[in-house]
Amino acid sequence: MKILVINPVTTARWLEEDREYLQGMADEGTEIVMVGLEKGPKSIETFHDEVYAGPEIVRLVKQLGNSVDAVMINCFADPAVDAAREVTEKPVLGPAETSMSVALHLGSAFSVISTFPNTAPWIKRQVRKLGVESRLASAVGVDIPVLDLEKNPGKTVDEIVTAAKRAIDHDGAEVIILGCTGMALLAQAVREQLPVPLLEPASVTLKMAEMLVKLGLHHHHGQLYLTPSFDKIEGY
Amino acid sequence: MKILVINPVTTARWLEEDREYLQGMADEGTEIVMVGLEKGPKSIETFHDEVYAGPEIVRLVKQLGNSVDAVMINCFADPAVDAAREVTEKPVLGPAETSMSVALHLGSAFSVISTFPNTAPWIKRQVRKLGVESRLASAVGVDIPVLDLEKNPGKTVDEIVTAAKRAIDHDGAEVIILGCTGMALLAQAVREQLPVPLLEPASVTLKMAEMLVKLGLHHHHGQLYLTPSFDKIEGY
Amino acid sequence: MKILVINPVTTARWLEEDREYLQGMADEGTEIVMVGLEKGPKSIETFHDEVYAGPEIVRLVKQLGNSVDAVMINCFADPAVDAAREVTEKPVLGPAETSMSVALHLGSAFSVISTFPNTAPWIKRQVRKLGVESRLASAVGVDIPVLDLEKNPGKTVDEIVTAAKRAIDHDGAEVIILGCTGMALLAQAVREQLPVPLLEPASVTLKMAEMLVKLGLHHHHGQLYLTPSFDKIEGY
Amino acid sequence: MKILVINPVTTARWLEEDREYLQGMADEGTEIVMVGLEKGPKSIETFHDEVYAGPEIVRLVKQLGNSVDAVMINCFADPAVDAAREVTEKPVLGPAETSMSVALHLGSAFSVISTFPNTAPWIKRQVRKLGVESRLASAVGVDIPVLDLEKNPGKTVDEIVTAAKRAIDHDGAEVIILGCTGMALLAQAVREQLPVPLLEPASVTLKMAEMLVKLGLHHHHGQLYLTPSFDKIEGY
Amino acid sequence: MKILVINPVTTARWLEEDREYLQGMADEGTEIVMVGLEKGPKSIETFHDEVYAGPEIVRLVKQLGNSVDAVMINCFADPAVDAAREVTEKPVLGPAETSMSVALHLGSAFSVISTFPNTAPWIKRQVRKLGVESRLASAVGVDIPVLDLEKNPGKTVDEIVTAAKRAIDHDGAEVIILGCTGMALLAQAVREQLPVPLLEPASVTLKMAEMLVKLGLHHHHGQLYLTPSFDKIEGY
Amino acid sequence: MKILVINPVTTARWLEEDREYLQGMADEGTEIVMVGLEKGPKSIETFHDEVYAGPEIVRLVKQLGNSVDAVMINCFADPAVDAAREVTEKPVLGPAETSMSVALHLGSAFSVISTFPNTAPWIKRQVRKLGVESRLASAVGVDIPVLDLEKNPGKTVDEIVTAAKRAIDHDGAEVIILGCTGMALLAQAVREQLPVPLLEPASVTLKMAEMLVKLGLHHHHGQLYLTPSFDKIEGY
């Protein structure tokens, strides 16, 4: 089984690290095909960045979709997941929707913790789009400058743990979802300090992709997802 | 990995058939531990039947939970799933909640098709409990006497296909879920006649159980799920 | 008129006290038929306990339902209410659903206050099942060990009043529901200290049962509630 | 116990008939105090009519509220129920909200059947205001000219039964509510032809009023319902 | 273009001030026709007051509706808006519904700030009636005696700004709506101190009225809004 | 006042026609600045097409936003509206959200009629994102090949009218929204055959844009909409 993992950013230095992490989480026999964007955003923090990631994501799925068994867009914004589904018959998953659906089985309510100032309204919209708003306990954006995230991982872990504990005690969270796939390597340190299950979304999405492949399941083309005409696009 | 599968009925003749089916769906290295009830209902079609299945399900999870990695209650009514979660730290899954959460990734709306006269209101309640009512297209109970289900599987398949196609055309279903784990062996025949993905809930639940084990995820004890005192039960 | 009141626990010493309380609340001419369980949980605090109460509740309704005019399951978990409805044509009521529906007429939002650590998520699920989530202000579990409830009733009253006042001031509660039928004797002391109406669920349920009998109303068999086959249960 | 029943219309000829009907439904010892409007609409079929009923309803509750134990506004539009609650400490009930809350205990979904062309959107709005939209199966306005309602009651019964059966078979209704208190005398004829419980809203509201009186429950003043200053009204 | 603006109160001294304010906000060529009530409440703070405003509002719309292009009921309670729609074919707008619908385009969630003790539950009900509850961040009633509102406008502005900032920081509000059309002259002072857009509802409603006129849009008569028979009203 | 209208497609031949139509709808003194895409989709019918329109839309708003007063993305998919809001302080509107919010004032429920096979699920998702799902009567995709739309406008009008009338009679629609801005020139012919108001989304959006400009309202940057860093985009 081959899983195409698209890092929808141009920052190439995360590619190998992420591939190793996901390969380590994969079933024996699963091969992670890790690709990044040639053009697009260095990271995705806004709708603006998401828009610039879209064409390259779609191009990669068109190009590589037939040679793999499933596709995973490795960013919690779930960028271009719907468009990707239109250009392949292979299952396509985004980490936000996947993590939230798995959280439904682990407790009565989940909170999403991330490090962006727009986390709370962004997550509330994603939850409404997925249709699980009654299961969201809270969404919290811890205020950490992006550069500090890598420079001082210990501080980041502390801030996330503090926010998660507040979500558990005040908002009734029984599951915590990390709202960014870039926190995979911090997840274990967070997990050890929390009394409730912690979902690291990249790993959850990979396993769901493997699961859908084994079950032979993929989305239908013909209602929400049509089969687009490629040659109506000009200039790309 | 060992998955405890509880057929929450006393009808023993389905046990080996179900075990073989699930063992065939399992990952290499996964062992299906299949058990039925010594006392309880012959089949579950009503709330009444579900009540009588409960104590035995809980007893089996208490007795066998420690020796396995996850538990699956093999009935679309998801009987005693919440109670089972209280008596073990291993993940516990029910087919209805699991299938519905996976369906979220395969299309904009799902329909559940089953063969009980109470299917429509029952499913609507399950969907509301799970919190995904905005994603339900419809719930349909095809009217087939239980005995006919086995006697004339071809007719059953036809009726389910007809109902599913109506759900696709009239209700906007993009995913069909079979609303009974007893239809596993008919699933392939139905699937071949439908343009949209068909979820056979027993297999989906097994794969989700394997996935949670691999991810090291299980529910939290302390909020919705407490740790009950066993010796407060008298007479069992 | 006879109302069957089932205390779904094996603790017999509450039976006479509860019978007297309810008989005192009943209309002239209403006879309270109070029964407890021969086997099952000493008290209901978890899904686990609820499961073990189920078969005896159903047995009692089968045995005594024909000789009474309505049935009331005297526990805020509303255990086996749906199954009980399947085995009798007499109206069957649970205190949680009944109190919540009456609260709709007394203010814009209600809070449920109880003494269990799982109160908040449990109530939220009940509210979603009943379909009145937009009217819930909050659900609060005051942390009092069960033994202290009886030993130090004054302290219990104080804690409940404090939680209720916080729900009124912070969550907008205009009605308070006691989330346990075991607090009936404390209700008056709480009521005197609150500015908003307090619903003691056992008394509200009794009066609703009398009302349905006078109106000749009972649930329908044939859609959500079928008529189960008793002889499909083995070993009970 | 005295229950003030306000027929919020100027048509006096229904008063005695309604009083007799409700007195016949009342508990022994309950006295029905039946009053109509001196000025206002002859009947309530529109928002326009409802507006003209308001000041007189409030005037009557101010004038008579202290001499009774509860107030019932006898029209399915629930006109001025909120305003009436502000001018008395006695419980005030409207038939629509009361019937819908009682229907919650009798089946998984209810339909409202009435004879106005605006029934469907009007009921949907009432259901949303009450917060029970997930329990509404459908709302149907049978097209019968008002004059025919009384001239040809048999035809009216037939049309309502036909609509109710369609709601049961197609929309999943397990409870039917008559969406007009003016159909009280037809209710029994409808009830006999339906397989599911039929709620006649005037009788249900009367019994709920008696119940709230017996329980000593009434709404709170201070949040949604304030205590208005009477002398700020000029010209009435 | 003529816009009929009904101040649904008998307090005449606000009429000219409001007319000037709205005329100043109007398009060139729009004439504001400002009228107050001859009988009714001095101000609207309760359901009681709203009821007494109704008949005069309807009378004015009947009398003046044909000579204008649109109607605006200038009070955040949106009194008699539905009834007014029944007696004219011209568009009729209320400030609460209009402001809330415009707020949907300016941020992910809005808060309503007003100066009445019943603001929070009242707004929650309005939001539920309009159907936009998922977009409400919070509703807050700042506690200022009515007389102080005019005596000490600086203090009123301060209290509103404080409440608005709390709504922004704690409840996630990205838009603030002033929950009273009587605050129009304070709006600018509030606006200058807030980082998010502030909606002054009277001006928003006027512009929406102009917009509907230019687009030739008005509500339909025949479903929710019927054409009432005027002569069924007696005594008015 | 200048309104930037972006036709988010590369098909230039619609530009002048659309500009004339919108200029004709505009207030005196409003100038329509009409631009199309240099690269991107010829038309938008799928998520795939929407993705390819995004970068150019954002580029145009960055480039031209400062020289206009408001921005309108002229496609019912509301493509890149959120991203566009991040790169300008001027109000940005999409036709779907704008039309739906205006429809709230014109009747109890609206239906959207369009000509794409994915209309129904697409609209349901947009409605859920906007948060007005309780006001949607239905969404219908009339099956007309795109080429036929222009070749045989009479047939297109007939099909839309037929679908709209069915939505009115069967689904309770009191407002019809055309679900495509490309139908502007057909709108009048449809309108004349319908008993309920018809919203042509391009014109509604233009008027709302003018209205927001006159009111001085625009979205806030800092919560859902951040201010993106332009230089993090590579290759564009």
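First chain written, first letter: the chains are A, B, C, D, E and F, and each begins at residue 1.
Just so we're on the same page, a residue touches a chain if its C-beta (ideal position, glycine included) is under 8 Å from a C-beta of that chain, and two chains touch if they have at least 3 such contacts.
Since the model is a prediction, treat every value here as computed from it, not as a measurement.
Student: Would you mind working out whether chain A and chain C touch using mostly the same residue numbers, over half shared, or mostly different ones?
Tutor: Both copies touch with mostly different residues.
Student: For the chain pairs E-F and A-E, which is connected through the larger number of C-beta pairs in contact?
Tutor: The greater number of contacts lies at E-F.
Student: Round to the nearest whole Å and give the separation of the Cα centres of chain B and chain F.
Tutor: Centre-to-centre distance between chain B and chain F: 43 Å.
Student: Using mean CA coordinates as chain centres, what's the chain A-chain D distance in Å?
Tutor: Those two chain centres are 52 Å apart.
Student: Taking each chain's centre as the mean position of its Cα atoms, how many Å separate chain C from chain D?
Tutor: One centre to the other, that is 28 Å.
Student: Considering chain C alone, which of its residues make contact with at least two other chains?
Tutor: Only 108, 120-121, 125, 128, 131, 133-134, 172, 174, 222-225 qualify.
Student: Pairwise, which chains touch?
Tutor: All touching pairs, sorted by chain label, are A-B, A-C, A-E, A-F, B-C, B-D, B-F, C-D, C-E, D-E, D-F, E-F.
Student: Residue numbers of chain C touching chain A in their complex, please.
Tutor: By the definition above, chain C touches chain A via 120-121, 124-125, 128, 133.
Student: Applying the document's contact rule, which stretches of chain E touch chain F when the two form their complex?
Tutor: 25, 27, 91, 93, 97-98, 101-102, 104-108, 130-135, 172, 174-175, 195-197, 199, 203-204, 207-208, 210-212, 214-215, 217-220, 222-225
Student: Mind listing the chain B positions that touch chain C in their complex?
Tutor: 10, 38-43, 45-52, 54-55, 57-58, 80, 82-83, 85-87, 116-118, 120-122, 125, 128-129, 131, 222-226, 228, 232-236
Student: Mind listing the chain A positions that touch chain C in their complex?
Tutor: 108-109, 134, 172, 174
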